[in-house]
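Each of the two complexes below includes chain A, the first together with chain B, the second together with chain C.
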Partner chain A sequence: MEIKRRDFLKGLASGALLAVAPPALAGSPKKSRLPDALGILYDSTLCVGCQVCMVACKKANNMPDEHYGPQKIWDNPIDLSAKTLNIIKEYENGNGKYKDRKIDGYAFVKRQCMHCVDPSCVSACPASALTKDRKTGIVTYNKDACIGCRYCEIVCPFNIPKFQWEEPFPQIVKCQLCSHLLVKGEIAACCSECPTGASLFGPVKDLLKETGRRQKMTPGKQYDFPISSISSGKTQTHKAARYIPHVYGENEAGGTQVLYLAGMPFNRLGLPELPDRPYTALAENIQHMLYKGMILPIVALGGLIFLVKRTGEKEE
Partner chain B sequence: MKKQNHFTLDEKLSDISRRDFMKFCGIMAVSMGLPIGVAPQIAAAITNPKRRPPVIWLHGQECTGCTESLLWTSHPSIANLILELISLDYHETLEVGAGHQAEAAFNNAVTENAGKFILVIEGSVPVKDGGIYCKIGGRPFTDIVKETAAKAAAIVAIGSCASWGGVQSSEPNPTGATGIPEFLKGTTVVTIPGCPPNAYNFLSTILHFLTFGKLPDLDEKGRPKFAYGRLIHENCERRPHFDAGRFAEEFGDEGHRKGYCLFKLGCKGPMTYANCPSILFNEVGSGAWPVGTGHPCFGCVEEGIGFTIPQFTQADVENVTPAAAHAPIRAERGAGVSKGSAALLGGIAGAAIGAGAVIAKRLGDADKGE
Partner chain C sequence: MKEKKPIGGRIFTIPFLICLGIALIALYFLAKRFIFGLGAVTNMNDGYPWGIWIAYDVVVGTAFGCGGYAMALLVYIFNKGEYHPLVRPAIMTSVFGYSLAAVAVFFDIGRYWNMYNIFLPWYANTNSVLLEVALCIAAYCLVLWIEFSPTFVKTEQTKAKLNKVMFIFIALGILLPTMHQSSLGTMMIAAGQKLSPLWWTGLLPLLFLISAITMGYAVVIFESSIATLRYKLADETDILGKLSSIMPWLLGAYLIVRFGDVIVRGHFGLIFKGDLLGNMFILENILLIIPMCLLAVPGNRKNARLLFLSAVSLMLSGGIYRFNCYIIGFNPGTGWHYFPAVPEIFITLGLVSVELMAYLWFIKRLPIYRSA
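Entry: the complex of A and B
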């Protein structure tokens, strides 16, 4: 095969471009937590499964009841949906007798929007209908900007945003950390109602400190656990459980503002195993690299112009 | 009690009508979880004088609440029935004699019935400082219990004090108050904890012993399983409120008046095994037990809970059966892929591939034609 001098040089140039690309892909700048970020610490070992958070959530957000199966009397969703922003799910194994045990045990887990440090939904939304608050880091939704593409539904690693399929003018539905209550000086309804402090509201940096404290506790010994909000001053005494040495949400998908503690592996509780980088980092970096300084588009445009011109000359 | 003239004297047991007596036997059978058909057998056991065992009842460190609860129940003349049924040979509260006379009665009862009597102990044993904190007739209670227990056919510890130490065994436990099973280690002791225990639980245990000649099934703490086998939280009439997340926030608030769950007020129902919600107290109808009246359970029957964990400290919910209505971790919606839908999808995909191939071929042909 004969290689022209010109083609050889062209190949060299494109090779140089590719060589520049990998560091840009790998070195995704991980976004750091906002200093005043607000979040929830959910401690599965403290949860008693009373579902008061679900009741409070529906009341605070004016959500309708949801019925699963033949029973139409009380609210019993089986998953997050366009009618349910927050749900308590139950893990059960064997005879299901012992709390927080993998074998023959049971445990509860609360599912809701994780309010990621670097949210995929915000990145994927072409209309900026989903935005992350610059101060509190809460991911909120603006129905007037939404174009209904549902990219957010697909891109969310936690499967959180839900689409109102049954509505004539559908919206995306997800937990917004009771933003409408926060402006009134209240806290998220799920946390203010939780009897045991399993759902604890507060600034993420304080919640992270609290996770450190809990993981150092001696299992079986009595400790004071704050309830409602970390700064509420109210506490309840509970026996410390045997925590697994992992705070879910500390690093998952670049970190989340909803943190989890549990007595068993998180994948058993239905929380996905995720890498430490945000999901959209790769796509975002490729795009950002391609459009950086408009160099590559201009090069591509130049190439196209050249090709068109040459083809035109040949035909003549 | 309504006078019923059509009963003859023979059909009466002291001042109790036969009907009331059989009703009592029936209630006993049911409370032990036995079929109602056992009632005549129980009646026979009670009325047979030969099988009526002597009972010696000792009091240690206690408040006599257990005796009171037994005497003041509204069974038909329970005090009378007790005397008929168990030949109560020695009981300090009910003793007519006093001083040396009472001591003599006690010694007589123990010697005469050695190896045959049921020993009921009410109250804990103070073991500190040589047992000087509880003395009867100048003798430490420790010695009395040891000597009497050695001659007993069966030992029943009634009340939380006798079962595991009770209120006086709470920190710092100045007298070294000890429960009977701990004090008489190695001996089978039936415990009927409670402060006070439900009189039915005690009577049922005794009647079981009389009727079948053996003790009922006991758990590892010596408690009859029929009475202490189930968690209060699982049988509580307020449990639906717990499962629905409806709680009384404080005494007298709206939720409290509506009968919501008392978990937030420190109810120990999720940690306490007892039949209070099913058997109730004082036979005055529904709701006659602490939680029913709006007071959170104190966990009085459970060692390490009653008199140990403060009343308003929240209970640990450890071994509670979760509500059946909880969502599973992985929820499956719809019926998944059916054979029909798979075939249809496959057909559509196949048709699309075929059509694509045909179109491509025609395009090629068209190019050649040009």
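Entry: the complex of A and C
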């Protein structure tokens, strides 16, 4: 009897240790990109900061104006919020004269949902309110499933999902890549309205190829850049900027379907430095190691029932 | 053996009425919350979407509710029947801690009318650590009330029936907290780079599990000491002293994991930076090291006052650890701040008041304690 119990405890302890061991991250394979994934390539060097994409986004998604400061004349949000799904922000340094320069320069950055390859919000949502489309990979929200726990906000490495704090019947709000327009054969509003091609819509595999082409460009030379959508056939000629040799979103947090090119380090533009796996993958691994098929808990329960009954009999 | 019986006495004492007053204020703010939304009464925001309702009411509250779990571990797994008298009061505090955590969740979640979705298989997401926590806490609430039911079930027939199946619930009462208390740690693994490396580690589930057990024992000692003093009950110092002889070992193991982990991950220097996070780390662990040293001396364990102070220190330490993991060590990026709003604090205080009122009513009307 005594040996049995000791063995059981040992089993329990080693099970627990196994489950929480940091190498858990190596457990499951990294999720790969969907072949027909859709996304956006945002090229900071082409962006002129006109904010047309913000206006287009508000119109396309029926979002209200947002005011900052006393003047309530036009929409001027300072960050993403439950009223703003897409925003252009500016980096400025020193006298702010030169575009895409770290010192004495400026640059723009677009923030919106990244539509991750392995989205943390989708992994964390207890009620499957956030789901990733199996074909396009677009991450959408279903308010009828959502319980409003806001765990998606905790786990999103990009701080994208927002909550309607001032509503009695609130929802989570985030960019859904204009899914409602895609079904009509259109493209995301921010890209269709972008005058310079800074926001470019398309299949992610084509967008990734395009990033390769741009990074090989000679700075200062003229090149053709597609606008609106990579397959639109429309192009504009721009002088190529000096790109930094990194595509943000290629691997960040397991990869994203919104990709970034820029002329300065991405952390200057407020994009976080992230490992190439989402942290939710580690949490998921621990969870599955312990609870897959509920085998471990059921075995443990059996052992516990045995011990409890034995103690009870002894007392009687 | 001395019998457990109700303490008796007046219900509407002054402490009870003070609690009632706070609960009524909380009720007013709650009405506001449900009419105008969470933003009307809380300072939570998109950077800090979880405030004290989650960090205190749920994450710390359920740990304070681990007395029943910690005692059951001792009595049934380690076969120490002599601690049996401590089980019933411990189960009672667990019933309160967990039931109120469940209520707090209902106030906190934005779309509370959809709450049942997590029980529907076509909505439940088995990848979600939060789903595991939610289902597990819900199940454990039920189990706790069943474990506690012998105190208020009247007919002998029902009692006999309950007794026959009780072993299943006792076993579940050990399994379920092991599951969700560790998962409360796993939850913050997913927060990744937003949580300071002083707290973020793959070992969060293990640390949360150990801290649940130490906090559980601390609550049992705390609660027994107060009850004994106030209501002149049978002196439990002997048995509490014996109970606390386990603590130095458990706390030592925790500290080895805690510090070993920070050192191995190369963040030891952050502790002594002199900033808020470093200082919170020091505070959290000093409040643990002092009682560990005190309780390591056998003579101290016979001293009711030192036992009580150690318990308070351990509860604080565990509470601060959990606050650090969920709020203070959490930084979503520049520009976000969180400090709870007054109405938000009142709603938490209201819940604690309800808990205290229920405690007073229960011990006076139900057979919880052994009298002197």
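The definition used in the following text is that the second predicted complex is superposed on the first by the 290 of 316 C-alpha atoms of A that agree within 3 Å, B and C clash if a C-alpha of one lies under 4 Å from a C-alpha of the other, contacts with A are read in each partner's own complex, and residues count from 1 in each chain.
The working rule: a contact is a pair of C-beta atoms (placed from the backbone, for glycine too) under 8 Å apart; a residue touches a chain by one contact, two chains touch by 3 or more.
Values in this document were obtained by computation on a predicted structure and should not be read as measured data.
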Quiz item: Which partner does A:153 reach: the first (chain B), the second (chain C), both, or neither?
Solution: second
Quiz prompt | Contacts of A:164 with chain B and chain C, given as first, second, both or neither | solution = second
Self-check item: chain B or chain C, by number of chain A residues touched
Solution: C
Exercise. Identify the partner contact of A:92: answer first if only chain B is touched, second if only chain C is, both if each is, neither if none is.
Key: first
Quiz item: Touch check for A:108: first (chain B), second (chain C), both, or neither?
Solution: first
Quiz prompt | First, second, both or neither for A:196, with chain B first and chain C second | solution = first
Practice problem: Classify the contacts of A:289 with the two partner chains as first (chain B alone), second (chain C alone), both, or neither. | Solution: neither
Practice problem: Indicate the residue numbers of chain A shared between its chain B interface and its chain C interface, in ascending order. | Solution: 79, 270
Quiz item: For chain A, which residues count as touching chain B in their complex?
Solution: 48-56, 74, 76-79, 87-92, 96-99, 106, 108-109, 193, 195-196, 236-239, 268-270
Quiz item: Which chain C residues qualify as touching chain A in the complex?
Solution: 34-40, 44-47, 49-50, 75-77, 79, 81, 84, 108-112, 114-115, 117-118, 122-132, 134, 167-168, 170-172, 174-175, 178-179, 182-183, 186-187, 189-194, 201-203, 205-206, 209, 330, 332-333, 335
Self-check item: Contact footprint of chain A on chain B as seen in their complex
Solution: 242-247, 261, 263-264, 270, 310, 313-314, 316-323, 325-331, 333
Quiz item: So in the complex, which bits of chain A are touching chain C?
Solution: 9, 16-17, 19-22, 24-25, 79-82, 120, 122-129, 143-151, 153-155, 157, 159, 162-171, 270, 272-274, 278-280, 282-284, 286-288, 290-291, 297, 300-301, 304-305, 307-312, 314-315
